[in-house]
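In what follows, structures are represented as structure tokens.
Common to both upcoming complexes is chain A, partnered first by chain B, then by chain C.
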Partner chain A sequence: MKNRPPLLLLTSLVLLFLALPIVLIVTVSFSSAVYLTFPPPAFGLRWYRAYLGSADWLASTWLSLAVAAATVALATILGTLAALGLTRLPRAVRTAAAALILSPLIVPGIVVAIGIYYAFSRWGLIGSPVGLVLAHTCLAVPFVVTSVSASLANFDRRLEQAARSLGATPWGAFRQVTLPLIRPGVLVGALFAFITSFDELIVALFLSGSGAVTLPRRMWDDLRFAIDPTIAAVSTLTIVFTALLLGGAHVLRQRTAR
Partner chain B sequence: MRSVPALGVPVGTLRVLPVRAWNIRALVAGPALLVGPLLLFMAAFYGYPVLAMLARSVTDPHPTLANFAQLAGDGVFLHVFGNTLRTALVVTIGTLLLGYPVALALSRMRPTAATITLTLVLLPFWTSVLVRSYAWMVLLGRRGLINEALRALDIIQTPLKLLNTSFAVDIAMVHILLPYMILPIASVMRQIDPSLPRAAAGMGATPWGAFRQVILPLSMPGALAGTLLVFVLSLGFYITPALVGGPRDLMLSQLIAQQVDLLNWPYAACLSVTLLGATLVLLAATQVLPGVRGAFRLGSR
Partner chain C sequence: MDGGLAPLAAARVGRGASVSLVDLEKRFEGVGAVRGISLEVASGEFLTLLGPSGSGKTTTLMMIAGFETPSGGDIAIDRQSVVGVPPHRRNIGMVFQNYALFPHLTVAENIAFPLKQRGVDRATRAARVVEALQLVRLPGYEARYPRQLSGGQQQRVALARAIVFQPRLLLMDEPLGALDKQLRESLQLEMRRLHADLGITFVYVTHDQEEALTMSDRIAVVNEGRIAQLGRPEELYDRPCDRFVASFLGESNFLTGTVRGMEAGVVVADCAGAVLRAVAPQGLAVGSAVTLSTRPERMRFDGVSGAAEGNRLRTTVTEAVFAGERCRYLLRAEDGTMLVLKEPSSATTRRRAVGEVAEITWPVADTVVV
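Right after this comes the complex of A and B.
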């Protein structure tokens, strides 16, 4: 069936509505003006220079990258092991375990954040990158488990049994047979874990304190005082960065599908 | 195919060895050792913290349900709760009206056009909520794009107050949640047999009639799934209303954060139980409604 002009027009308008704010942010980031004015009087890299010249912004960027990297390591290892184990558990146990593991996708962000704040403040984990990594790992792990489980669904377990019967140790069979076959799923899960931590704000609002101010947290603090186009430059960089990671995930997924 | 050298038979034909008692124990112990570390980690750093906080709603100062009883007569809570429901409803209707036509058009596009459209839908989907909320601050501000455009066109003389209103929250949330509406509907529509509307047309149905009597009913599970998903997600929104909303129209999440800042844990915990309860009840409904589960499974792919 063909799309009729009215439907196509409406669809285009909605797509424009979806794209406009993002296009706008990118445009503003290249503005030369001190204030947000439209259209920008001239274009330049002024706000990118402001970002690169600010020790605070750079410190937050490095912190966010480090927290995300540590989160990826923890979430990928714990999540991949769990996904491997989940398929072999009896059905009832599996359902219960999956409910806990996947629940951060469902429980409202503010409830998770204040719960973690409630416990972590007693444990002295406020204002520490460690606290952020522990919390972010819990939020990121569902993506690893779902992604690895999906690639395990296409995995023939007899291959692993065959390796074992040929004399491979359990670890050898995993490393030489299972892991190469589920690697794309593991990598996609790791990428989503990275993005989850890198973009995370609500938990960071409560855990950052003054000692561990992540990039989203610094953007939030700045937004509450002044809308400086530096934020547009930072936003543009994170949009490009995320798009690159997602492009990578997409390529990996297509490889998994084959 | 590789074969087992010692036996000289292909691997696939090997008989499974008889299961002995120690085998069964290994069968359960192995997976438990694999899942165990993650379960312990999440129990310690997520499960316990959230449950301990929620427990404050009924244990403070001593085991009681009085905190919940007070909510019913609490004017602030009722105002915020009502505003949260109103926002969720408006946003859900908005995303349904804008998202359904896109999903319909998407289902009829050629592969290339469909890929481009899907990318345009997914790009904002993966841009952080913070960045998108900031974009709406820039658009709706006193000197933002909309006010400047309206002034340039001489439609208004003084800038309209758009930012920090419930209108700003509604439009920014519609923007952020649209993909969650489009994707489940699109995945259900893709499964509709294309020969069905053609058959309807062949038997004399007008294009509108074929849509109303064939496509619309068959796409209802997707629309229902998207509606519930958007409504549930709306209830828990925090960042967007905090940035673009007004100080008088708080949403539930904002009230919770505010109470935590005041260290009023029993009240914050009560509000959290309410928010979580509403979320879980609505999600349980998605498991019961016919056809909706399938739409979710496909939508998450």
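Right after this comes the complex of A and C.
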């Protein structure tokens, strides 16, 4: 009890430190000034209008959403299958296979990006949304595998056997018994796959070329060449969007715990 | 039979499926879990595979169900080999140790599951679910979820689900293992009743000898991947073929000695400082070593009513325990062999004191060579 006030203070400071960038950006996004200045001289929605009025910004937004959606579809299917497959492997093989699947999490992003760049440039996948989807899938699969594996750890394999003994085909047992029971893990994995792709910059720097400029990539370019508060508006929208997704994931987890 | 039972029981095909296991083997990474099991289960029989954990009884059951592939030998159901047939096409009911009810489905949905797989229409499914729940004496529980039921109730639902599609063979893997003693006993009787009502073949796996003795038509005692002995419960109890069966199925006293001679199906041997006789199906060479086995409750103190002539041994009481329905005595023979004697308790029987010297007797017919 004695420690309470200092602890409270420390916690508040840490939280403030974490929230400060977000607070700054959100504030600046409502600025009326032409430059990125803080504090803003006055407030307005001009930079949100600038964003919505820019064909380039909107194109990048749609591209990012499309790439993320495709990544979710691919990574969720592959990741779920991989997690299921891992449980069926002998222990020694399983550890090795899991390490391989999770390696994009461990290898520095820039190294992955360079590797993908060299491979994809040979196959003509630079500047193509397909290349981005494939690369983002590599990065997103570990999240899906981790999340689905956690669900599978609580799943009793005998339920699948029971379904089979009652006349369900292997696919029928998966669809009617396994999938409904691991669904929260799959959905959380899918959310993280979405966020992974939607926020991804490093791979996009290498793969976007001039044909497939994603939202993070356009923000990067914008920062380097023309600093104006549009980027703050875009950032704010991205933050809100991501926060909503994470909130959804939280609700899902809560429902699993029930 | 309960005349009011709905069509599920009435529609009994008369008989269940027959099961033949021929030299069945299963090796896991070279280690033999099942090492040549041959067994004929008759149509409509209640057969129990009884054995300690790791004896291969569950692996055998899993092979019949189709979840494990035999490393050798054959499994036939109704004379048709099922090796290579996937589990969902074997049409076998199965009850798992921890029930394996689907937690995301209601009781009704759980029971309707096998019917849904078979394309049974919704109305028929609902009617059959009601019947099945009546059969396991759990009517009105359709809308509950498994987690809202007690262990015994979950087990009944698992049973209902395993028989609702009218399989001709029901496999059970220690289905009562997780329940307390009283519930277990009442469910044992219920299983017997279900078996009689349905007329289908039951193959039951357990490590509980009492459960096996109570319910089975025949018991196969499994040890180290082989069948040690197969027979009716009384046969196994009265005539265990070896030391393992004699000690695993009930309690036994073992007396070791040497063969003195044979007299018309009876072996005479020097054991524990006395001359004892035992039933011996085949002749034994004079001078060879022999172990005799007798059940503790077949022995009596000399002079007590019901004491039968036959074998007789001088012992010293080393421990006396009153256990309600019986008194349990630990006795030491003159050569040091320890014996257990169980005497039905009554207010008129004299309790023996520790240190007392007592002659005990038991019939030759209750003594076997193991």
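Throughout what follows, the second predicted complex is superposed on the first by the 252 of 258 C-alpha atoms of A that agree within 3 Å, B and C clash if a C-alpha of one lies under 4 Å from a C-alpha of the other, contacts with A are read in each partner's own complex, and residues count from 1 in each chain.
In the analysis below, a contact is a pair of C-beta atoms (placed from the backbone, for glycine too) under 8 Å apart; a residue touches a chain by one contact, two chains touch by 3 or more.
In this text, all values refer to a predicted model and were calculated from it rather than measured experimentally.
Novice: Identify the partner contact of A:143: answer first if only chain B is touched, second if only chain C is, both if each is, neither if none is.
Specialist: In the superposition, A:143 touches no partner, neither chain B nor chain C.
Novice: Would you sort A:177 into first (chain B), second (chain C), both or neither based on which partner it touches?
Specialist: The answer is second: A:177 touches chain C but not chain B.
Novice: Considering only touches as defined above, state whether A:57 meets chain B (first), chain C (second), both or neither.
Specialist: Neither partner.
Novice: Based on the superposed arrangement, let me know which partner A:162 touches: chain B (first), chain C (second), both, or neither?
Specialist: In the superposed model, A:162 contacts both chain B and chain C.
Novice: Determine, for the superposed model, which of the two partners chain B and chain C contacts more residues of chain A.
Specialist: Looking at chain A, the partner in contact with more of its residues is B.
Novice: Between chain B (first) and chain C (second), which, if any, makes contact with A:10: first, second, both or neither?
Specialist: first
Novice: May I ask you to decide whether A:47 touches chain B, chain C, both, or neither, giving the answer as first, second, both or neither?
Specialist: The answer is neither, since A:47 touches no partner chain.
Novice: Touch test for A:120: chain B only (first), chain C only (second), both, or neither?
Specialist: After superposition on chain A, A:120 lies in contact with chain B alone.
Novice: Which parts of chain A are touched by chain B and by chain C alike?
Specialist: The overlap between the chain B and chain C interfaces on chain A comprises residues 158, 162, 165-166.
Novice: Can you list the chain C residues touching chain A in their complex?
Specialist: Where chain C meets chain A, its residues are 65-67, 86-88, 90-94, 96-98, 100-104, 113-114, 117-118, 161-162, 165, 171.
Novice: Any idea which chain B residues touch chain A in the complex?
Specialist: 2, 4, 11-12, 14, 27-28, 30-39, 41-43, 45-54, 56, 98-99, 101-102, 104-106, 108-109, 117, 120-124, 126-132, 134-139, 141, 143-145, 148-149, 175, 178-179, 194, 197-198, 207, 235-236, 238-239, 243, 253, 256-257, 260, 265, 268, 272, 275-276, 279-280, 283, 300
Novice: Which bits of chain A are touching chain B when the two form their complex?
Specialist: 1-4, 7-8, 10-11, 14-15, 17-22, 24-25, 28, 35-38, 74, 78-79, 81-82, 84-90, 97, 100-101, 104, 106-112, 114-120, 134-135, 137-138, 141, 145-146, 158, 162, 165-166, 195, 199, 201-202, 205-206, 216, 219-220, 223, 227, 231-232, 235, 238-239, 242-243, 246
Novice: Going by the contact rule set out above, which residues of chain A touch chain C in the complex?
Specialist: Chain A reaches chain C through residues 156, 158-159, 161-170, 172-173, 176-177, 180-181.
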